[in-house]
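Pasting the structures in now, so scroll down.
Note that chain A is present in both complexes that follow, paired respectively with chain B and with chain C.
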Partner chain A sequence: MNEVLMRIENAKAYYKLEKVSVRAVDGVSFEIFEDEVIGVVGESGCGKTTLSNLISMNILKPLTLVEGKVFMKIDGKFEEISSMSREEVKKKLWGKEITIVPQSAMNALMPTIRMAKYVEHLAQSHELNGKELLQKAEKRFEEVGLNPLWLKRYPFELSGGMRQRAVIAIATILNPKLLIADEPTSALDVVNQKVFLKVLMQLKRMGVVRSIIFITHDIATVRQIADRIIVMYAGKIVEISTMEKILQRPLHPYTKGLFNSVLTPEPEVRRRGISVIPGTPPNLINPPSGCRFHPRCPHVMEVCKEREPELREVEEGSKVACFLYSEERT
Partner chain B sequence: MSRLVVENLTKIFTLGFFSRKRIEAVKNVSFEVKEGEIVSLVGESGSGKTTTAKMILRLIPPTSGRIIFEGKDIWKDLKDHESIKDFRRKVHAVFQDPFASYNPFYPVERTLWQAINLLEKKPSNKKEALELIKESLVRVGIDPKDVLGKYPHQISGGQKQRIMIARCWILRPFLIVADEPTSMIDASSRGGIIQLLEELRKEQGTSIIFITHDLGLAYYVSDNIFVMKDGEIVERGHPDKVVLEPTHEYSKVLVESIPKLYRKLEGL
Partner chain C sequence: MASKPLFKFLLRRFIFLLVTYIVATTIVFILPRAIPGNPLAQLLSNLSRLAQANPEAIRAAERTLMAEFGIDKPLLVQYVTFVFKALRGDLGTSISFYPRKVIDLVVPVIPWTLVLLLPATLVAWILGNTLGAMAAYRRNTWIDKGVLTTSLIVSQIPYYWLGMIFIFFFGVRLGWLPTQGAYSLGTIPNLSWGFFLDALKHYVMPFASIVISAMGGWAIGMRVMVVYELGSDYSLFSEYLGMKDKRIFKYAFRNSLLPQITGLALSLGGILGGALITEIVFNYPGTGFLLFKALTTLDYPMIQGIFVILIASIYLANFIVDFLYALIDPRIRLGQEE
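This part shows the complex of A and B:
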């Protein structure tokens, strides 16, 4: 097993509103290893994007880290990044250790600011030599399959797929260890999706980034590159497992439902048919008692309504939070 | 029996005032939809699939070619108001964006009351009409008291799309044209919408045209797939043939690039 790059311990990140809190990430613990790709999947509103904000320490009000700690290995030793001030985070973490390709990254660039300007901004904020950085950017542009001349152009002159690659090139100039990609492919057509995945894996092979977190609702896409997968439901992790294992035998009833709703052009899919998870995801202001999935679960038992299942290892490398797999089921 | 026949359909948009620029959005498209058949028009954005759908829905006129629905050319033989109204009763559209299909100022059931007004045999009183609305909602798996009297922003996208299909249970159309009906709703509720449309077809022999970029969806539901590229149908046939043994270069690339669940893409 590789070494741990990041450790998240019982993190609770709530959106604190005037009277209520939206419990978007509620007691989540996991590790990110070096040299791995982790996929995070779940329906809209399950806390995926909040999780990415938490990992990248982009915590702005009303989002608050209520409880828990996040550690990251920086220069060989673990530092608690969740206690850093925002200034420190900006200086030490962003761009250097962690980088993020946000949702709709293709619109992340201001259409009327030349791409080279973003590189200058990066140099300023990290107090680096602008010229050197620009040379690095040119090299990186080539590596992601873009002509370096595009750096002098405006973002609106590029197609969606090219803009996506430009964003990832600029985001990885400083060789960050961890790259977080939040729904990067959902606005691209399938051909560009494939190109993007290729670029991502190439950057990892070249050692530009060490580990990748790929957040998406599209399981078929994340399946292509992920080593491990985290399934989230209503702010909680319900299952963590390796990709191959989860494909062969998903454990949590929610994971089963989610995988069976995937439609890809494959004979297996046509044979197995399509199944539906009844109902809708719960409101995170006032989530259901016990297991949050119990109102929609086909295997619901009495204990599920009263107590919350813990995320525990049931097979090597597979953790699941479900009473079906514990002795306390009676 | 064929319900809809599309023959050599062409649509050319001309742009500009002096320098006439011609865009051939749809080129010589022909296909047929039988009673109770589900067909899919698959293609990327700009392939002309939505333009084709709009012509079939009698929203924009074709440049040339014919669309024959139930033995009548919908652009030549439907002349008076009554026959057009009859066409609207028999052909129903479900659009992509459930948020844009509703007027935010009115409760959602207004779309269902409008459907009742279209009916040939209208219910004799309001109470009967309301019963019909409730029944249609139950058919699409919605508890009437969850949505009646609510405004569009108070219900979810999946529910909105379901109410659009509830309309189909009131009107019992012969043909449904569904333009990307599932692309804006979550994967877990997508299956439900598809199942509802399949039920309609089973019970009433409704023919359905799916317009989609999602070959996975098309492969799963259709009896016939037509792959469109730059306004032309480049590949057609049974889903197994189109997906497992594509012959045209474009459909080959398309099928290869789609991420699969049970196998990995090559060359990543």
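This part shows the complex of A and C:
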């Protein structure tokens, strides 16, 4: 296995409101290795975007890191990025170590200046040579399949798909180690989605970015590029597994439900057809006791209502939080 | 590269201006004639006093005057004559100041209005936008709260009421500033320091009353817009890239300024009504004051003349603002290509 790039230890990130807290990320631990693509999947409102905010240290009130730590390898040694001030995060992390391709990449570029000017401003902010960075941007534009001359244009002169690629090119201009993409393809048509994924993988192959976190509810998209999958439900990780394993044999009942709800080209999927998980994700202000999935789970047992299952490794490379498997072991 | 679309844009604006100018002059022609009353009444009553009440002579004078002003002709003929004469720069003869030409009456008062309104509007715009942007940059601090509350209160004060309050306190109670006119009675406008200082003293209150009441609205608008822009996608993305806060604020400020420039163009037009009342309150010899006199005496040529000149200048201002807009917003300039 590769070396660890980022480690998240028992992180609890709540939206602290006046009287209540929304427990959007509640006790999450995992590692991000160098040179891997992690897909984070789950329904809307299960804490995916909060997780991306946590990883990128974009923690703004009312979101609060209540407990836990986040470490990232910066210049070969681990630093606790969760203790950095927002100023430090902006100065040391964003753009250089971590980059974010936002949910709405269409409007992500400053609309009333030419992109080349924007790159120059970026150079100024990071105290870099403007000309050198511009040359780098031209090269990066070529790498993502855009004519470097487009840099002299305004963002609105580009089509949606091109703009998306321009956003990636600019987002990765300082060679950040970790790229976080939060639903980047949801606004694109299928052809542009494909191009986008190709560009993303190409940047990783070239070593521009080391690791990618791809947050999506679209399993059909993420399965094309992810090495590992994190399945989130109600603020908790219910399963972490490699892509192959999870496709062959999803363990958690929620994962099964999620995968059964989309059409994938495997023959067994074609055989069994698609189904939906009844019910909706719970309210995160007051989540259900025990396993948070138990009200919707087809295999619910007494123990599920009382105790919370731990995330445990049940097979090599597969962790799951479900009592079905802890009994299997005992 | 950008010159050709820019030219096209300007041409399009120019044609548009021409059409609106014709429409506007038509309205200006019709409206005063819709007011009931005889525009010659006052002139004739003055004449009758001079002519020792000779009815024949007065009737003859009325006929001559009717022909002189063209009021005896059908409306359509009057209109065509007015438009063609106006295009040649001939705005006709004033009725109430007969036999003086309208143009000779209006031109001397225009500088007074321009000197008052142009700086006042611009200063209010600049101050308001600066304050609003400052409040947005330091939002939720005491600066923000102070600017917001003051702006809200100030923007709701009618400028003429503010003017009257000023006159009462600074003019009457404290006696610091003269209460009326643009310069002291009895002085003749000239280019000396003494006259300049005198005019400045007269200038302070009308100027301040317009600036203060207009500023608040700009500040509130700017604050809202900058806050909105700071929360927009490009601001967040820039932040994620480690762009300096100051730069992001500059982006937001720039993009918020665009709608404010449209607002400025509109207010350059809209301030006319404001100037009218301010000039009446302060007895200030501007176009508003002259227009007020023309309206009360139903002086058709004068009303028309003032409006023709004012409409032309407002459109000119709008045209310049449009041009500026095309320069600073590429989306406007390049969007015309498609």
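The rule is short, and it goes like this: the second predicted complex is superposed on the first by the 318 of 330 C-alpha atoms of A that agree within 3 Å, B and C clash if a C-alpha of one lies under 4 Å from a C-alpha of the other, contacts with A are read in each partner's own complex, and residues count from 1 in each chain.
One rule holds in what follows: a residue touches a chain if its C-beta (ideal position, glycine included) is under 8 Å from a C-beta of that chain, and two chains touch if they have at least 3 such contacts.
What you see is a predicted model; the values in this text were computed from it and never measured.
A.B. asks: Report for A:170: first if it touches chain B alone, second if chain C alone, otherwise both or neither.
C.D. replies: A:170 sits against chain C, while chain B stays out of touch.
A.B. asks: Does the superposition put A:179 against chain B (first), chain C (second), both, or neither?
C.D. replies: It touches nothing on chain B or chain C.
A.B. asks: In the superposed arrangement, does A:237 touch chain B (first), chain C (second), both or neither?
C.D. replies: The answer is neither, since A:237 touches no partner chain.
A.B. asks: On the A-aligned overlay, A:43 touches which partner chain: chain B = first, chain C = second, or both, or neither?
C.D. replies: Once the two structures are laid over each other on A, A:43 reaches chain B alone.
A.B. asks: Should A:280 be classified as contacting the first partner (chain B), the second (chain C), both, or neither?
C.D. replies: A:280 contacts chain B only, not chain C.
A.B. asks: For A:223, select first, second, both or neither according to whether it touches chain B, chain C, the two together, or no partner.
C.D. replies: first
A.B. asks: Once the structures are superposed on A, label A:190 by its partner contacts, choosing first (chain B), second (chain C), both or neither.
C.D. replies: first
A.B. asks: Have a look at where A:247 lands relative to chain B and chain C in the superposition and call it first, second, both or neither.
C.D. replies: In the superposition, A:247 touches chain B alone.
A.B. asks: Report the residues of chain B in contact with chain A in the complex, numbered from low to high.
C.D. replies: For chain B paired with chain A, touching residues are 44-45, 156, 158, 186-192, 194-195, 213-220, 239-240, 243-244, 253-255, 257-265, 267-268.
A.B. asks: Spell out the part of chain C that touches chain A in their complex, as residue ranges.
C.D. replies: Per the touch definition, chain C meets chain A at residues 232-234, 236-244, 247, 251, 254-255, 258, 328-331, 334.
A.B. asks: Quick one: which bits of chain A touch chain C in the complex? Just the residue numbers, please.
C.D. replies: 56, 58, 90-91, 93-96, 99-100, 102, 104, 106-114, 121-122, 124-126, 154, 156-157, 167, 170-171, 174
A.B. asks: In their complex, what parts of chain A are in touch with chain B?
C.D. replies: 43-44, 189-191, 193-194, 197-198, 201, 217-221, 223-225, 247, 257-259, 261-270, 274-277, 280
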